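Read the structure below first, then the notes.
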Amino acid sequence: MSSDLSPIPPEADRRLPPPDTRAGRATRWLLARYPVWPIVEHLAEKRVPRHRHSVWYAMGGIVLFFFTVQVITGILLMVYYDPGQPWQSVQRIVMEVPYGALIRSIHHWAANLMILAIFLHLFSTFFLKAYRPPREMTWVTGLMLAGLSMAFGFSGYLLPWDDLSFFATRVGISEIEKAPLIGGLLADLIRGGPDVTVATINRFFPLHVVVLPLVVLGLITLHLTFVQIQGVSEPDSFRAMPPEKRKYHKFFGEFLVAEVPVWLALGVLLVALAALAPRALDPEANPAASAPEGIKPEWYFLSQYQALKLFPGSLELLGQALLALVPLAMVLVPFWDRSIPADARGRLATRMGIAGLAGLVAMTLWGFLS
Amino acid sequence: MNQWTPNAGIPLPPFDPVGLPAPAVVILALAYLTFTLHLLAVHFTLGSVLLMALARRQPDPARQEIARFLGTVAPLGFSYLVTFGIPPLLFVQLLYGQFFYASSVLVGVFWISVIPLLILAYGALYAHRLTRDRRPGAQGLIVTVALLGMLTIGFIYVNNLTLAMTPGRWLEIYAAHPGGATLNLGEPTLLPRLLTFLGLSPAMAGVVVWWRGRRLHRTPGQEASATVMESWGRKGIGVGVLTWIVGLASWVATLPEAPRSVLSGSGIVLAGAVVVLGIAAALPALLASRGGGVAAPVLSGTFLALGLACLILVRDQIRMAYLQDHFSLQAIPVFPQWGMLAIFAATLVAGVAFTLFWTVRVARRAAAASG
Amino acid sequence: MSDRGEVVEEGATGRRGFLAVLGGLTVAWLAAVAWPVFRYLSPRPPPDPFGGEGKALVKGVAPGDVARPGQGSNGSYGGRGLVVFRGPDGQLRAFDSKCTHAGCNVQFQGDRIYCNCHGGTYDLEGRNIAGPPPRPLTPLRVTAEGDSLFVSPMSS
Amino acid sequence: MNYPVWDLPVLGAGLVVAIIAVFHVLVSHFAIGGGAFLFLAEWWARRLHQSGRLEDGERVRDFLHRYATFFLVFTTVFGAMTGVGIWFAIALASPEGTSLLIHQFVFAWATEWVVFLAELSLLYLYYYGWKHNPQKDQVLLAGAYFGVSWFSLFIINGILSFMLTPGGWTLENRDLTAGFFNPSFWPSLILRTVTMFLIGGLGGLLIAGRLESEDPLKPRVVRFSASFVIPAAILVPLLFAWYWSTLPENTVKMVQDGVAGLGGGRLTAITRHLILAGVAGAAVMAGVLIAVFRPRVVTTGVAVALMVIVQMGLMGAEFFREMARKPYVLHGTLYSNSLWRKDVDAGAPVLQAPFLGRARWHPGVEPLSREHGEWVFRLQCASCHTREGYRGILSRTASWTPEFAFRWFQTMHEQGVMPPFQGSAEDRAALAAYLLDLHGKTLDGRDVLEAARKAEAAKAPPPAPPPANPPQAAADTDQPREAQP
């Protein structure tokens, strides 16, 4: 019997709580059955460099925090949401269920802040050049997660079935419809028919609460595993310092603990936003009525929306093709800009990134103002 | 409903139902006293920033020393100018609230923007003081921000307070700008008034720079700086008094008939006193020899303070003349709060004594340490 | 290092009590934050089956179905089940059909009311006479108005 | 009704007050709690000196100098200026209320000013005397600063709590003592005192965050700061309960109606603000516990995060206090739109007299014209409601019909949140037409009046309100209505 148990490594014996305590016994019991000490040790050694750009390392954790909030509030909303009576059930959540309006508003605000945090995470990773080898796959999975988060936003937006969400979805899917060859088919598959109807909700609902969460959870696991294996990236300026000047935080125990108050502050911020600027429920979608005045997509789709406006009529396909190039280029960056420290390609990538960011901000602002 | 509407077209609010907590004379006296202190601090701070902006442009050590000295005292001056500004504003609201609140709302957007401007100017003075290693260009910009901020605040004040005295304009202005995004730019006395109430700034700062220069003469090796300081201080006094008298004259010239008539009565004595005291303040600066004791700057400063006090009396007479059709202090009901007045007086005496005690104690230690 | 040692030294006395207070407090705070979630998940009380008028229409049973003594049937009122029957004395009776044992719906069987789940048996007065049910059935006042039956609570 | 209304688009005067106030509350509490921090830390340093640990004492004083520099600039620039700012803003938002407060409490304010003057001077003597003052003097100066600044809180608290609970004060008796030492004076004073210790401790964390994590002083300073925060965080909810028990009956009823409304599914503004304060309190507690157990991880980011949390919590609490005062600006005496309670008590002859005759701040309008409605809105509603921004009237009236509006103006005060409407049937009709006109429905006030008169003549029982439940929605929440079936 006991020969099947693994021996406790001596260094583990030294570092675990004393064997005569309850915690000491429990950890040894587990470690004898699941000999994961090398992994524990690897994680315990994990450290985060300290430099003036360190603040950006917090972004991934912030995204994860918002995602957790989304999972919790999403499950709570699902308790009362009914895809057969979408608008009525959301109205019930808002008007009748205690604290329903609060939870719905937190879900709304956390979604927006999560996408904002993803943008910050993405651009900070880009400009600190954390995508370069050997971290290509971390970058690619991150990009996929960013895209899926926007799909989350798009699918969740329709579920309340109010005026705005109906027309926003109609417009959004019509963009897909314009794609050559498969566009019509794809749009019909997504909509469940030639137009956005309650049938579309019956597709978006499982997408939003089952398919996307499963895929995203898997990808997050992968993304985080990559980061755990490789450690966080060190920018060129940090690498260039003499070893004795480079300072580190322990990842667990120091870095992560220091991030908790930031999460707490963001949590309170969510409550504050939900309390002071709750998400309104517009009148029930009426497919026959005119679209409300000044209707616009959510801010994270606004730049694409505004960019497509630049290509009127038959040029629209060209615009779509150009827009599709952006994610493609982003995926390919780590396979092209590989040199550490950064060389001419690296500097060019940075400039392109600045141009891209400026374009994104300008288009979004333009979209807001126009 | 309205006790105070002899002129039907003027929507004059009635007096506050709580009435005055003490006879108007008492409140007026307190208002005069604290407003004089406020104006002293205003002139000192604004003049300091002005002289600092001029001095810091020249690289020689004496002028840099002037800029450094003024940069140290200006934030302190600013905080006292705000603090001494509180009681006069309190007493104005007590006596003339009907006029003051109404006109404030009419220029509401600008009136509230005084607050961010105060923070901006005050913050700029500290930013200038606490960060000495910044590039000169940036430092210059910071000083300019402080200076412009203070001048803008003065301009907004003049707008509001002149509008408070001319209720005949209210309705038209309110109907055109219910959001309060307007100023009283149609007022002819606007700029002369601003000049009258800020013109003395270089003189007030000049007194302090002059005084500092004379003190510095005692420190070996600082004679050159001390001489430049003296000359800057005395020039400041001359320029300030001149601007002030020009301002005063133009103000009187632009006054409407009724308020100007005050100056033909008892007001003429006061107005004359203002001018005489101004000239008396300038005389020591013009005549004194270099490097004496601090008596001369102190004398100049005293004359300036007395001159300001007289100006405040003139100003109040003019205000009453503007408002004589609508308003009389004697008609306000008084429900005296003698107990509270006593508490206030006791706190004032105790607070000033306590603060002075500590100030002297700290100053002695500092003097002992440096001497 | 001496500093570290000292901190522990300073904190050693009374640290346990301090931690206990903090722990209790944290739990209290967490409970306060969890309260909205608890309230959110708490179900609303079900609507009164008798509605505002104090009586509910019986569905699935018409007066004609229970015209003679011994006739009876299962039906529903306000979303709940009931049994209606005419007893041997010719009186119309109704009970909420939810068995007091485990909540199955009972069945009228001429001389008794029987629950098919665990064999609970009630007499025609609704009293639990055999099997596991702990309490009698809930009686309802039943009235016929035209072509419809109505039930109302017994107490009123 | 005697002063013009500052009809500021989008923001509204109320939000201007709130924006300035939320900053001021944080900084002013910091200005007192930080004084306590300076005093106790100076004492600590002096004890270290006296026990011969000179180096430790000097390290504490170095730290304290950083704290004091930040404290001086932050409290004098932001604290003092925003304090004046609140005064400016309330005079614009409610001239009538401000005038009343000043006429009643001018000597209290003047006394506070003396205290403030002393406070400022002591702070300068402490800070600028840093090099030369003996340590005993520094301890005394910091202590005197703290004592004097707390006294200014004592005075201003009397005036602030007076507005919500005037106690035995009335417009007729002008009883200063009863008004100042009003029912919520003590709970409010102690609640604020405790809060300011909390914020002073967080200020300590803010400066401790700048110390290198290897610095041996760091854990000690962090724990010293936390010892201010933790007891305070424990006491605040208890004190709030005490404060709550002193609030006037109709306020409690209004708030509890909100809670009952919650059972009915609505989150009232008041409840939302209470939740915000509660969640923030929990977060501060958790954050400080982390600091206690891992003092070396306290960075500027951590400390700023905690400060942000407290700022949001204070925002919730202060918004709550402001809401609890509804519909009054001075409880029981003056409504938030400057309508006097005595005019309401005078009844119909005053209350239902033609409104524009009493409120003379308009250029003269043709009866029942659009301008008529606009000026009624401006002079009677705009002190709380903007058209499309903060507390926007557009979203609150989205489903209104003219008949409903006309009738609702007569009963809007029954919710306990809004003042009664002042004016004649013409005024109501003109306002109804104006509000619907804002929605793009062109209406003539005369038609509204005629339709309403017909309905009243028919003595029809009030028809069911149009879609949703507008009275409730418009009255008891501070947000755009969330649904309309």
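Note that the chains take the letters A, B, C and D in the order they are written out, and that residue 1 is the start of every chain.
In this text, contacts are C-beta pairs under 8 Å (C-beta built on N, C-alpha and C of every residue); 3 or more make two chains touch, one makes a residue touch a chain.
Keep in mind that this is a model prediction, so the values were computed, not measured.
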Notebook entry, point to check: What shortest step count links chain B and chain C in the network of chain contacts?
Noted result: 2
Next item on the list: Taking CA centroids for every chain, report which one is farthest away from chain A.
Entry: B
Next item on the list: Please find which chain has its CA centre nearest to the centre of all protein CA atoms in view.
Entry: D
Check: If you average the CA atoms of chain C and of chain D, how many Å lie between those two points?
Finding: 47
Check: Which whole number of Å gives the spacing of the CA centres of chain A and chain C?
Finding: 44
Next item on the list: Indicate the whole-number Å distance between the mean C-alpha point of chain A and the mean C-alpha point of chain B.
Entry: 57
Next item on the list: Determine the centre-to-centre distance between chain A and chain D, using the mean Cα coordinates as centres, and give it in whole Å.
Entry: 37
Check: What are the residue numbers in chain A that touch two or more other chains?
Finding: 96-100, 102
Next item on the list: Can you tell me which residues of chain C touch two or more of the remaining chains?
Entry: 36, 39
Notebook entry, point to check: So which bits of chain B are touching at least two other chains?
Noted result: none
Notebook entry, point to check: Think of each chain as a node with edges to the chains it touches; is that a line, ring, star, complete or other?
Noted result: other
Check: Between which chains does touch occur?
Finding: A-C, A-D, B-D, C-D
Item checked: List of chain A residues in touch with chain D within their complex -> 55, 58, 91-92, 94-102, 249, 253-255, 257-258, 260-262, 264-265, 267-269, 271-272, 274-278, 280-281, 283-284
Notebook entry, point to check: In the complex formed with chain A, which residues of chain C make contact?
Noted result: 36-37, 39-42, 44
Next item on the list: Please give the residue numbers of chain D that touch chain C in the complex, ascending.
Entry: 216-217, 219-220, 223, 230, 234, 262, 275, 278-279, 281-282, 285-286, 289
Next item on the list: Over in the complex, which chain B residues touch chain D? Could you list them?
Entry: 1-2, 11, 13-14, 16-22, 30, 76, 79-80, 82-83, 85-87, 89-91, 93-94, 97, 101-102, 104-106, 108-109, 111-112, 114-115, 118-119, 122-123, 126, 130, 170-172, 174-175, 178-180, 335, 337, 339-341, 343-344, 347-348, 351-352, 354-355, 358-359, 361-362, 365-366, 368-369
Notebook entry, point to check: Can you list the residues on chain D that touch chain B in the complex?
Noted result: 2-9, 13, 16, 20, 69, 73, 76-78, 80-82, 84-85, 87-89, 91-92, 95-96, 98-100, 102-104, 106-111, 113-118, 120-122, 124-125, 128-129, 131-134, 137, 141, 144, 171, 174, 176, 358, 360-363, 378
